[in-house]
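In this document, chain identifiers A, B, C, D, E and F correspond to the written order of the chains, with residue numbering beginning at 1 in each.
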Amino acid sequence: MKKIEAIIKPFKLDDVKHALTGLGITGMTISEVKGYGRQKGHTEMYRGAEYHVEFNPKIKIELVVRADMADKVVDAIREAALSGKIGDGKIFVLPVEDVVRVRTGERGEAAI
Amino acid sequence: MKKIEAIIKPFKLDDVKHALTGLGITGMTISEVKGYGRQKGHTEMYRGAEYHVEFNPKIKIELVVRADMADKVVDAIREAALSGKIGDGKIFVLPVEDVVRVRTGERGEAAI
Amino acid sequence: MKKIEAIIKPFKLDDVKHALTGLGITGMTISEVKGYGRQKGHTEMYRGAEYHVEFNPKIKIELVVRADMADKVVDAIREAALSGKIGDGKIFVLPVEDVVRVRTGERGEAAI
Amino acid sequence: MKNSATSRTKRFWAGAAALAGVMLAGPAAAEEAASAGETMIQLAYSLDTFYFLMTGALVMWMGAGFAMLEAGLVRSKNTVEILTKNIALYAVACLMYLIAGYNIMYGPGLSSFIPGLSFFLGAEHTADAILKSGGSITHSKMADFFFQVVFVATATSIVSGAVAERMKLWSFLAFAAVMSLVIYPVGGYWHWGGGFLKALGFVDFAGSGVVHLCGASAALAGVLLLGARKGKYGPDGRAKAIPGSNLPLATLGTFILWLGWFGFNGGSELMISNIKEANAVSMVFVNTNTAAAGGLVAALLLAQFWFGKADLTMALNGALAGLVAITADPLSPSPVVSTLIGVIAGLIVVASIIFIDKAKIDDPVGALSVHGVTGTFGLLAAGLTNPGGSVLVQLTGIGAIFVWTFAASFVTWMALKKTVGIRVSEEDELAGVDLAECGLEAYPEFTRD
Amino acid sequence: MKNSATSRTKRFWAGAAALAGVMLAGPAAAEEAASAGETMIQLAYSLDTFYFLMTGALVMWMGAGFAMLEAGLVRSKNTVEILTKNIALYAVACLMYLIAGYNIMYGPGLSSFIPGLSFFLGAEHTADAILKSGGSITHSKMADFFFQVVFVATATSIVSGAVAERMKLWSFLAFAAVMSLVIYPVGGYWHWGGGFLKALGFVDFAGSGVVHLCGASAALAGVLLLGARKGKYGPDGRAKAIPGSNLPLATLGTFILWLGWFGFNGGSELMISNIKEANAVSMVFVNTNTAAAGGLVAALLLAQFWFGKADLTMALNGALAGLVAITADPLSPSPVVSTLIGVIAGLIVVASIIFIDKAKIDDPVGALSVHGVTGTFGLLAAGLTNPGGSVLVQLTGIGAIFVWTFAASFVTWMALKKTVGIRVSEEDELAGVDLAECGLEAYPEFTRD
Amino acid sequence: MKNSATSRTKRFWAGAAALAGVMLAGPAAAEEAASAGETMIQLAYSLDTFYFLMTGALVMWMGAGFAMLEAGLVRSKNTVEILTKNIALYAVACLMYLIAGYNIMYGPGLSSFIPGLSFFLGAEHTADAILKSGGSITHSKMADFFFQVVFVATATSIVSGAVAERMKLWSFLAFAAVMSLVIYPVGGYWHWGGGFLKALGFVDFAGSGVVHLCGASAALAGVLLLGARKGKYGPDGRAKAIPGSNLPLATLGTFILWLGWFGFNGGSELMISNIKEANAVSMVFVNTNTAAAGGLVAALLLAQFWFGKADLTMALNGALAGLVAITADPLSPSPVVSTLIGVIAGLIVVASIIFIDKAKIDDPVGALSVHGVTGTFGLLAAGLTNPGGSVLVQLTGIGAIFVWTFAASFVTWMALKKTVGIRVSEEDELAGVDLAECGLEAYPEFTRD
């Protein structure tokens, strides 16, 4: 099993979610994060003093999938999250050793 | 060492925390996330127009433990987080290669 | 490639960010988390009733780096995040199998 | 009807004009002087009416104060519902009081205990009647209704805070309707409507009893039948703190109430158009302000000494406690005595909130303590400070208002409980009543739900 | 000039003093009586002026109401800009109306259709002129300006809500300037300025048409040229909900507007210093309040039955709908009829909001429905309730105000669109106009942006 | 005492009634006319008292304005404490002024420099004294106290904003007590109390100097002893922006202040009951409004040109700057000149905020610029616009108020610093003063702490 972590632009969330459910994915977890990267932040003035917003708002999507699904999922996210502009984000693939579904106690792939 | 990530229902946080401290766990990190899964969201009306809330609020607990503790920890979380209703959440186990305690510079299991 | 996850005190974020960019790191993702650990929370009174704040606000920094950078990054974070007081946080190192840059489709180390 | 500044309707009272322009001849003097007298009655009537309308508007504004105070002291997941309750109860109270409440309270009664029943507002005073009365009809009947109607809304607002975060919206509004149609007017009739409390010499200038104790008694009945919020008391029975979600709103609400109280007490003098009355209204303003100030400072200091921290919410309750307490008699005591009354009320309210909390009576905003306990204290204090007051009579009044309101409310709540239910489901309470009842979130973008 | 209580300037009108002290002798009586008449004129003038200033202050306060209402109903990323628009439009409207708007509206016109043009305020009424008028000049010219200027700000405030979340700040303020300098004053001239609508017998007591329909018509022109917010309508054309970010603010805004409306309608009687006028103002207060209450309850019930949930924002709009509708004639109907007018307005507004939403006219706060649709309804109702009213004349007035305001606004918006543009870039809209236009975030610490 | 509409106490002034009913006979005419005169004095006294109470209530409301403005401009972790400071300082100021402050300011002085000392309020004016004075005692002493007490709270409110986010709560309140007991009253005595500034012909209608410059001078002393907030100035010495956490609150606060200012300036005319006074009050309302509008627009435009963005917080400060500046003389200038004064104040305040920021004087809300710098400007402008004004005298007054307030405040702050300390610990400042001082969070559910 693999854990896919994708950092995307917030307004792409809907598209990515559709792409994933299109693949038959039934679960994912998202959170709000801030990203620092090649996409620079912006500088604003507040009462005449500058302030730099170096971190851009991003959404992090985490989902655990069967190992054989990982590539398809990564591709689907990539396509859906793509705007072509800097700051589109990253996808990371991590190994997962076990999964448990709290409700049923199922473990492993059955629990995903 | 293993990293345990658990996605649970927010109102179960207290119980899970108690279960973990009962096992002698001394550290964990939580964050607020939103989950998409079999537990469907809900549809509301705002000024006559529908809106779908597809993501349910969840709490993510992350903790790194000695490998030999992993199973006990997973079981403890499972038990404490169980309500039996759909949406109870998932527990993931990931491998961890190293741990550092910032304050002391200790590494590995000593740093947990 | 490695994923470094650091839990630090919020007011140390700026220093850590500087340390990392000093190493040539060009990307990272942060989020707000709450930590439970040796640093105890505090007890307050609200209208005469006690309430315990057991979780302290922390910042989680996540970044994926080339494997050979991992040690340098860990050290840099450690140094910058150190205040010497309890609650300074933890750094975890996890294995990463693949990275994709959404914008370009690059994979692996090139995508970091 | 609105119009430009240039083409106005002629003044109604030609007397003054005549006096100003023509009157230099002797014989007509006396006749015209009659006109002058009439003009003065008209002016005084206008001034008193205007004073009523302005102070009434300030009391109406208290509705916003309660809404903000309560919205600030509940959790964000229950905020929309408390806002809906507050603004809707104001509307419901206005309509019920218009239908019959006002008449029950101020119409001719059957006996000094049993008020009469009639519907809708009677006719306005005619100019003729006013002039003939020689000025003893001092203000418009409609202005009087307006001033009174905002009071009933205040009484009902008190209830919403105490039952917050777990009561069904529509059951609450049904109760609000009954309360403003019958429960409050009957108690009001006994005193301000000329019933037996009036006859006894009960002292309650602007409603420490008629309004505040009444609201708190109704709330108490509701709270007892409703039970505490889930999670308020731990398995060990200890009260847990459930912090309010937005303290700037709570502070704003208190400021609004403080401001509105100048209307509440200041308008209750009912007349301002001569020196004595103007002085009285001024004294009421000063005493109202100083009692609130005393209450705030005392509660803040007590919180600091007791908890080691300057609990803002206790300070807010302290100010309100001072206001409620002085309401029973803001006219007779000197400003210094009023300050003391406020100080004592501020101390009492902190102790009372903690005591009630420990007694497992769950009142999220402290309404029972602020309006009930310090209202009672204020009435007793008025028995001492008011030259015509008597502690015994005050106790009678307190008892009468409490027993009637509590009993009538209990029956009403019970009827609602047995039929439509008064408490939301456990699941809805956990998720927050906002989504379940209103389908909305107060802060959809920021709440960590 | 401010000073201690001890050393005051002598009273201007020595007449009263003389009367009080000296006048026991016969022969001078008549002469002194003239003085008494003058004193009464002075008193009445002072009372009416004071009444104007107080009610005007209440209307000014409505600016805060619109600001809070709109800030609560937009997303947090567009909140700073809507706040900036609201407070800046108030300032702009005040300045434009001072420069020429007031004179256009109330100065001598060229014909009953075409107003005159002049600049800045004329001189204040002199005491001599007032006394000579025998009291038919009832209040200060400056107080009149103050009362009128807050009305133009209200009309302009209506626009900002409808075009929220996508219109450029400075283009909006430019429009606000034109609207308060010309568009609103011309329509106002036709009725309150003594133009042809006045002559026809058009009934619009405090501005259901002159102010509210005018604001909504200007808004409609803007919305049509501007288009819907990005994401408001899905690819399938269905309207999506875009929840407001801060409902306590929206509720507070409604309470503020409700309070301010007592000034809006109550002050529009223009005089209070005799029995008839005082009674009229009181009636206006009661009817204004009860119509709002009726509107709120009706809208809340309708929402409950229609959507299954008690939508707070609909209740708020319902209260405002009742207020707008009764504004056309808050004096002639009885309180019960006023309640009914409010109830109908509350029902209409819910239906209208949904209809307009479905018609793909994107109005984030419901301004078109609240001010336009129920304003029109109120004017028609006034044609029936007002003894001098005629539905035909009302229709003429509605048509005239709508056509003029819509056309003039359309041309203005179009000119802005063709030159500086009226809509922010797609990117800025996505990121929120706050950062792009104001460089600030409303809640920099909590927004999940 | 409150009662039903039916059983009223007879009117106090029987004169009018008599006139209306009986007076058709000739011989008694003169005698009754005396009664008429007395009635008119009573009416005027009532009207003026009512006007005082209403405008005083508006000034009291400014306390809420400062609280909201400051709560909106600080970070959320310091919000509870600033709220506590604001509402508690109001209470403390009221009590201190009651104890002796009012008497120091308005009681008989020892010399034109040194005020006298006495405690608590004297007796109210009796009807006899008023009637005998022939109407030159124009309003209730209690109303006067009420109006004055809300002014001292305003002066003290100014301080809290400048020292926000780092000053200890109780040290601040201790300072507030000293300020309202002594510091403010002494300066006030010099001018409004009839001291040497009055004698010199200093022009300060409603307190650009006595209130606003005084508040700012006290704040400056505090800020200098306190130092900047941690993190406000980078290692390179450059000022860093620390954005305010809730701009809707800041905007609401400004609207509240704007509204309250009609009371602040409008009430400072002190009388309204004749044509001249009514006209004056009206002029004051118009000028106050237009100066604020001018200030807002000017500051917003300057921010747009200077920073490239329409900084809402600067617009808010611009409106307040216009208000502060016109306060020195809102009566003599025409509305156009008042607009200009507002415009200049709006420009000055933006520049001043930036300058003071660069000078490393850390003032989170801009209080020094808004109240100090534009207060000074307003006083100088009044030296030119007021017919009796002199720039030299104005400079003397400015100097006197500044030197006295600054010195006395400095000593007080220093004494506090040396004893209990005035600054919270670094750790508490980092974590936010709310938890350390009040044990509460303003928004416990949403803050990203």
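Here, a contact is a pair of C-beta atoms (placed from the backbone, for glycine too) under 8 Å apart; a residue touches a chain by one contact, two chains touch by 3 or more.
Just so we're clear, the structure is a prediction, and the values are computed from it rather than from any experiment.
Any chain touching subunit B that also touches subunit E appears here: A, D. Averaging C-alpha coordinates per chain places the centre of subunit B 49 Å away from that of subunit D.
With centres taken as mean Cα positions, subunit F sits 29 Å from subunit D.
The geometric centre of subunit B is 54 Å away from that of subunit F, both derived from CA atoms.
In subunit B, the residues that touch at least two other chains are 31-32, 44-46, 94-95. Annotation for subunit F: residues touching 2 or more other chains are 29, 33, 36, 40, 43, 47, 54, 131, 141, 243, 246, 252, 307-309, 311, 313, 439-440, 443, 446, 448.
Taken pair by pair, the chains that touch are A-B, A-C, A-E, A-F, B-C, B-D, B-E, C-D, C-F, D-E, D-F, E-F.
Contact residues of subunit B toward subunit D in the complex are 10-11, 32, 42, 44-46, 57. Only residues 2, 6-8, 31-38, 54-55, 58, 60, 74, 77-78, 81-82, 84-95 of subunit A touch subunit C when the two sit together in their complex.
The touching residues of subunit F, counted against subunit E in their complex, run 29-31, 33-34, 36-38, 40-41, 43-44, 47, 51, 54, 58, 75-76, 105-106, 131-132, 134-138, 141, 144, 192-194, 198, 203-207, 243-248, 251-252, 254-256, 258-259, 262, 266, 268-279, 281-283, 285-286, 289-290, 292-294, 296-297, 300, 304, 307-313, 315-316, 319, 331, 334-336, 339, 443, 446-448.
Against subunit A, in their complex, subunit C makes its touches with residues 3, 17, 26-31, 62, 64, 94-103, 105, 111. Subunit D meets subunit B in the complex at residues 430, 435, 439-440, 448-449.
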